[in-house]
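Same chain, two partners: chain A is paired with chain B first, then with chain C.
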Partner chain A sequence: MRTITAQDTPIAPGRTLRSVRSRIIFTVMLFGLAFAGLSVRVVDLGLSAEASAWSAARSGAADMLPARADIVDRNGTLLATDLKTISISANPQKVQHSGEAAQQLAQVLGGVDPAVLEHRLSSTSSFAWIKRKVTPEEQHAVNQLGIPGITFRDEIQRLYPQGSLTAHVVGYNSIDNEGLSGLERAFDEELRDRAADNEGPLRLALDMRVQHAMHEELGAAMRQFNAAGAAGIVMDARTSQVVALVSLPDFDPNDPGSAAADRQYMNRASQGVYEMGSTFKTYTMALALEHGVASMDDAYDATHPIQISRFTIRDDHPKARWLNLPEIFMYSSNIGTARIVADAGNGLQKDFMQTLGLLNRPDFELPETGTPMVPENWRNVQSMTVSYGYGIAVSGLQVANSIAALVNGGTLHRPTLLLNPDARDDISRQVISAETSEQVQALMRLVVEKGTGRNADAPGYLVGGKTGTAEKSTYGGYNRDALVTSFVAAFPIDDPQYVVFVMLDEPKGNESTYGFAGAGWTAAPIVRGLVPRIAPLLGVAPSKDDSHPMTRELVRMITPEVRS
Partner chain B sequence: MTTLAARTDMSIVGRWWRTVDRWLLAALAVLMLSGALFAMAASPAVAERIGLSSMYFVRRQMMFLPLAGFVLVAFSMMDARTVRRAAVILFGVFFLLTGATLVFGAELNGAKRWLSVFGFALQPSEFLKPTLIVTCAWMFSEQFKNGSFPGNRIAAVLGLACIGFLIMQPDFGQSFLIFLVWSALFFMAGLPVSVIALLVVAGIVTVIAAYTYLPHVASRIDRFLDPSSGDTYQTETAMNAFQAGGFFGRGPGEGMVKRALPDAHTDFIFAVIGEEFGLFACLGLVLLFGFIVIRGYLLLLREEDPFVYLSVGGLLGLFGIQALINIGVNLNVLPAKGMTLPFISYGGSSLLAMAMAMGMVLALTRRRRLDRPAHYGESWAGGAAS
Partner chain C sequence: MKHISLITFLILLVVSYGFYQLQYEVELRQDRVAKLENQIAQDKADIKVLEAEWALLSRPKRLQQLSDRFLELAPIDPSQIRSVDELAMREEHLEGAAFAPRQEKAPTGEDETPPALAVAEVPSVGAERLPLVPVFNRGAGQ
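For the complex of A and B:
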């Protein structure tokens, strides 16, 4: 740099003061301009910050909290809700020491593999997730690390306060909050719309207290009989609203993991279809009584097994005599039932099954609703096996719903999980007469008083029901050791308000059941334990009567020798 | 009666209080006190990050603040001659110390700028700046009074020597700052426009040379002009801080962005203030700096002593330019350049040196005529012109 001097330019003293003054003023103006410029910049930044905060607040109402409406049970208990959480991401280009950063992050974040993290952080992209939906503690810890290039963004976490209790009903979402299963999937759009329009929660017919009781009783039975699975439904007999729906084993929807891919977590109550066995005899009885095929005192020959084409139809505990209708039902005679349906004709039987909604996939809210497996050809042999519950596989939901129609005076409703279902979906129709319905009630009560369902006789409540024990079909035949046992019940049977369906998948007999694994030993006791727990919750008073009036008549029709 | 008593009170303190510019004094007091407040917002996050107790920087700053206040008042009580003598002596001392950093200095981030004195890290260059300015102002003013005195030449040599020392440390920010203030001093000293133009050209040449031969300077300027060309993490984070704060701020201690901001307690403290106290507080701070600078210059218009003119002009220039650059960088209107914000940024040396500089400004802008008018009548030849 050159040396600059003022020596060669002598300044006249008079000019100096003026020029120095004007230069001071010039300097002041420069500084004034600069500070004014910075002030303008500050105000400008402030306005843009306010503008972006304003637009964030505006759009936030629509696409941030809550993104999906809450789901609640009939009493308002929270089953699913949105929670604001933080997700941590990074701009890998701005992270300087990816190895060190990955180590530090993995130390404060649970469930993060430092090697994977380092790989992500050393990528050339400008965005990488570190961990999504972290706790406030984790966010604080990462913030304390002060690693450049790490950013936090608000995200929504779907939370299921009831955990596994509602896993199969409410379902769960993907990490991007799209419904993957259950009602979350069925009402994916509806839940978003409700949240956007502020329409309040989706209210279910479910009652968490009943759901919990069912969950507990089923779980206990499953453990007791070492079963592979269990399912249970409590349904309002007069509206077909589902008050409880449980499938075991279940999982935590807050952390579903690979539940969707794992067969053992299938919804056994509505998706799984099973050959139900003797519960189907209820339909055959209703069919015969409704269409005048037989009356209560008509007797059928159950002396010998029936040979039809290559099948032999036998009874589990053969009486080897003629049996009337109440006897066929209470002893669960396959031969007798087959003879009744032979009288009715297979066309009438198929129509009746169709009317009860047993041959088609039910119109139900859950995506996990199974399609029944029905005989391709409905000839005499199929007709006979269907009459006692073989050769046809339906879901527990279908059984519960059709039994509700048979005992409630004869009206079939659409099963629903919603407290206020759309009235347009109502398909209610009379499927049997009130008289037939009363006869079905009486027969079901007879089973519990005198027949295979005695273990379901809950003290104080008039339970009526029917056992169903089916061998699981395997390649080339049925497996005597792999059973599906079920019990379908209604209470109080003289004025049915609720239908209960319980099922155990492959229960094993134990000492308390003398090695027996049939429905009377394994499924019926669940109902005896459950009904006294849920009846008070559901507002059902204990019965003063100890029997159904018509059942008393039926008891008199039973051949005395058997009673001893 | 009290007024009368005060008027006749000829004690040093009484005379000081009567003659000092109280607006300037009040503005500086507000600045220092708000500096204490802002230090509590910005320092703990940095201290925690580098593993010190969270109040480490705050405690140290609180220790220096009263000392700085004392230095400011002490210097403001001096008369012009004492100021000049003190400045020249201190210039000599700190010139040597700055030289010493090249030999004994502690190396930090590849630069030797600090000397360890009684356990404190002393940065002599902070003190070199104001004392150099006053010394040069004296040289210029001597040439005014006596044309044959080679004051301008001496000032030029001293300035170049200081710039040379700072480049060797290396500390380009400080050397650029000294060059700017020193040029402003020449400008105010009444140099012809042609010479000023030469200085401007020299400045531009220097910047171009730095851009060409110094990669880190080049990359900083590139990143400012084109943010996508490289890492703009600091300025981007600073922008996020302002965005997060809005006009009213998130509230003291509520800042989040500050934790991710390097040098939050020094070079980027303004952004932290933006996040926690809001842009209205930032605006207030800008206006406060502007007020001090402009008020100081306007006070000069009644002065007649060239030494006072030039030293106050230079010291205010140093104060103002440093504030402008720091705030400009924070607001992303200037390329990133490490520069402390006077009285606000953490740092003992910078705080004490600034207190000394502004103490001198207060001393030199006191209404001297009420005190000893006769002594100054001789000093400025311009009286005859009007």
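For the complex of A and C:
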């Protein structure tokens, strides 16, 4: 900056005045510029991010919410959400009479042991929890006590409004909001990221209405047959999206410690693997028809039981004659199925099972996804037992998914619980031809029309399916009285839209079933009760036809005198 | 010279007052922004509580219990579901009669019908009345 100095003085007065004036104007302009700069800065400060940082520091705990994104079903029904709650803590150094304080607190707070509390309050640390996640009433009561050193903290609580209905799918969190099971665990990080980035809820393929219907029907069947457990899956036959997945007994994820027995935590639908029994005959039929091992009118000798090494393969309802393919399937003949697979060869069978995803742990979102138990050696004996569902244990999820592929025209998809699964994960591929798929449909309808699955026939919805009754293996053999009964169905079978899998663990027969506990008596009726309830919800119109066109042909192939 | 100082001083006064006002205004607005943000966060938290409550109150199990208790609704029977093509009273069947002015009384005495039935009847002329076909059973229509 220029200043007026002694050098400038000996100049003429007129010039001096002009010169001084111009200098003053220059100075004023300089100041003006500086002030303009300052005012710009002030406006800038007022509008800049500092303002929001300031206000954020002032606002309260509501900003904590949510730590995890919500989980909703396909219709937007809330399955899991974060709510603000209060936890009570103390600074033991500031609590004066720890014994008295502990007594008072224990009186107003449920589930708190005064002795434990006193121990905590008399510690030398400066922090101790008194009770976490209390109700507003409890908070009020503690506040009324007015004990010094007690503080209230805002915390986040995960709420599962659907309760036990989603226990095995959604799972639950630890008290510190870390996913411990189910999707809460599988998507632990994703749920946090979604909440942080405000990306909205995690949307599942489940439909709570269908889930409820399945839950209720399974529960009723479990009580009726005094079963130890039950599982059920409803799956979209064309996409393998899981619309319902239920495992009983279950627990309340809002209070996960409340479950009395470990078996309540077991997910029998996707985690538990079971020898499924005769539902596996569907795979044997598909194998034979797909690879030209046998055609529908080929007959096999089911006159006598088969002796192979130390096993005897016999039929539950022996017809003691030659049976063609439809008859083998509808009467669920173990002998016939074993003979078919003997023709096919064990290598072909193993490959086929592999293709259907029955030999590996399925790629599924739930951490509780079971690994199948498959024979170590796949020799003739194993091949024969596998053909009718023994010596191999798979999960209900695997059965539902592979049956979906067999009936939907032959395309196997990756099973998923998400409504919009990542497209990159799609592994869908053709596993059997459309022609074979139609034959499988016809066979499954035959079972419901004329065979072991008649109790599954829900009028109007053209159910097709297959029963599976398996004795549970015990040490060194099989227990005739401990059964796993299952029924896998698809509807409407002439154009399958949904696959239903239901399973009962150790059902007992009663008067209504004449003492029988087989799948036709215990599992099949669940499907008959369920399908008419869920079909309208799922937008499946009743069928005008009362049979599958090809099933009519199959019915004509059945030997007349045994038609009942 | 005197004027310049005075003007400068006045400008200074005006500018500082302006800045003071601006600053004050900014602070007020920041306060308001903070309050609004607080309110939004609080409202969002309240909405979450209400949504959770709604989910609790609309649990399928609870709805079913309430329905069993207060409503006489049963699951839809397949026979109650029909497609539009199956409806008997479609426009082409009626040959425009549905849009004709309704006749209070039938032209001939013998054609008179009880009033209860007449409500549900297709407007008709003489004997060319269309038969009523029961399409839905009782309780259908959802």
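Annotations for the structure displayed:
What we mean here is this: the second predicted complex is superposed on the first by the 495 of 564 C-alpha atoms of A that agree within 3 Å, B and C clash if a C-alpha of one lies under 4 Å from a C-alpha of the other, contacts with A are read in each partner's own complex, and residues count from 1 in each chain.
The rule is short, and it goes like this: contacts are C-beta pairs under 8 Å (C-beta built on N, C-alpha and C of every residue); 3 or more make two chains touch, one makes a residue touch a chain.
Please read these numbers as outputs of a predicted model, since none were measured by experiment.
Shared-chain residue A:N143: touches chain B; no touch with chain C.
In the superposed model, A:R23 lies in contact with chain B only, and not with chain C. In the superposition on chain A, A:V42 makes contact with both chain B and chain C. Contacts of A:A541 after superposition: chain C is touched, whereas chain B is not reached. Once the two complexes are overlaid on the shared chain, A:R556 sits clear of chain B and of chain C alike. Of the two partner chains, chain B is the only one that A:A34 touches; chain C does not reach it.
Looking at the shared chain after the overlay, A:G460 reaches chain C, while chain B stays out of its contact range. Using the contact criterion defined above for the overlaid structures, shared-chain residue A:L83 touches chain C, although it does not reach chain B. Once the two complexes are overlaid on chain A, the chain A residues touched by chain B in the first and by chain C in the second are 20-21, 24, 28, 31-32, 35, 38-39, 42-43, 45-46, 52.
Residues 1, 4, 8, 11, 15, 18-19, 22-23, 26, 29-30, 33-34, 37-38, 41-42, 44-45, 48-49, 51-52, 54-56, 58-61, 64, 75-79, 81, 83 of chain C touch chain A in their complex. Within the complex formed with chain A, the chain B residues making contact are 45, 48-49, 143-144, 147, 150, 152-153, 156-157, 160, 184, 186-192, 195, 198-199, 202, 206, 231, 233, 237, 239, 242-247, 256, 259-260, 262, 274, 278-280, 282-283, 286-287, 289-290, 293-294, 297-298, 300-301, 304, 306, 309, 313, 317, 320, 324, 327-328, 331, 333, 380-386. By the touch rule above, chain A contacts chain B in their complex via residues 1-7, 9-11, 13-21, 23-25, 27-28, 31-32, 34-39, 41-43, 45-46, 48-50, 52-53, 94, 143-144, 146-150, 152.
The part of chain A that touches chain C in the complex is made up of residues 20-21, 24, 28, 31-32, 35, 38-39, 42-43, 45-46, 51-52, 54-56, 58-60, 62-63, 65-66, 77-79, 81-84, 159, 161-163, 165, 208-209, 211-213, 216, 459-461, 532-533, 536, 541-542.
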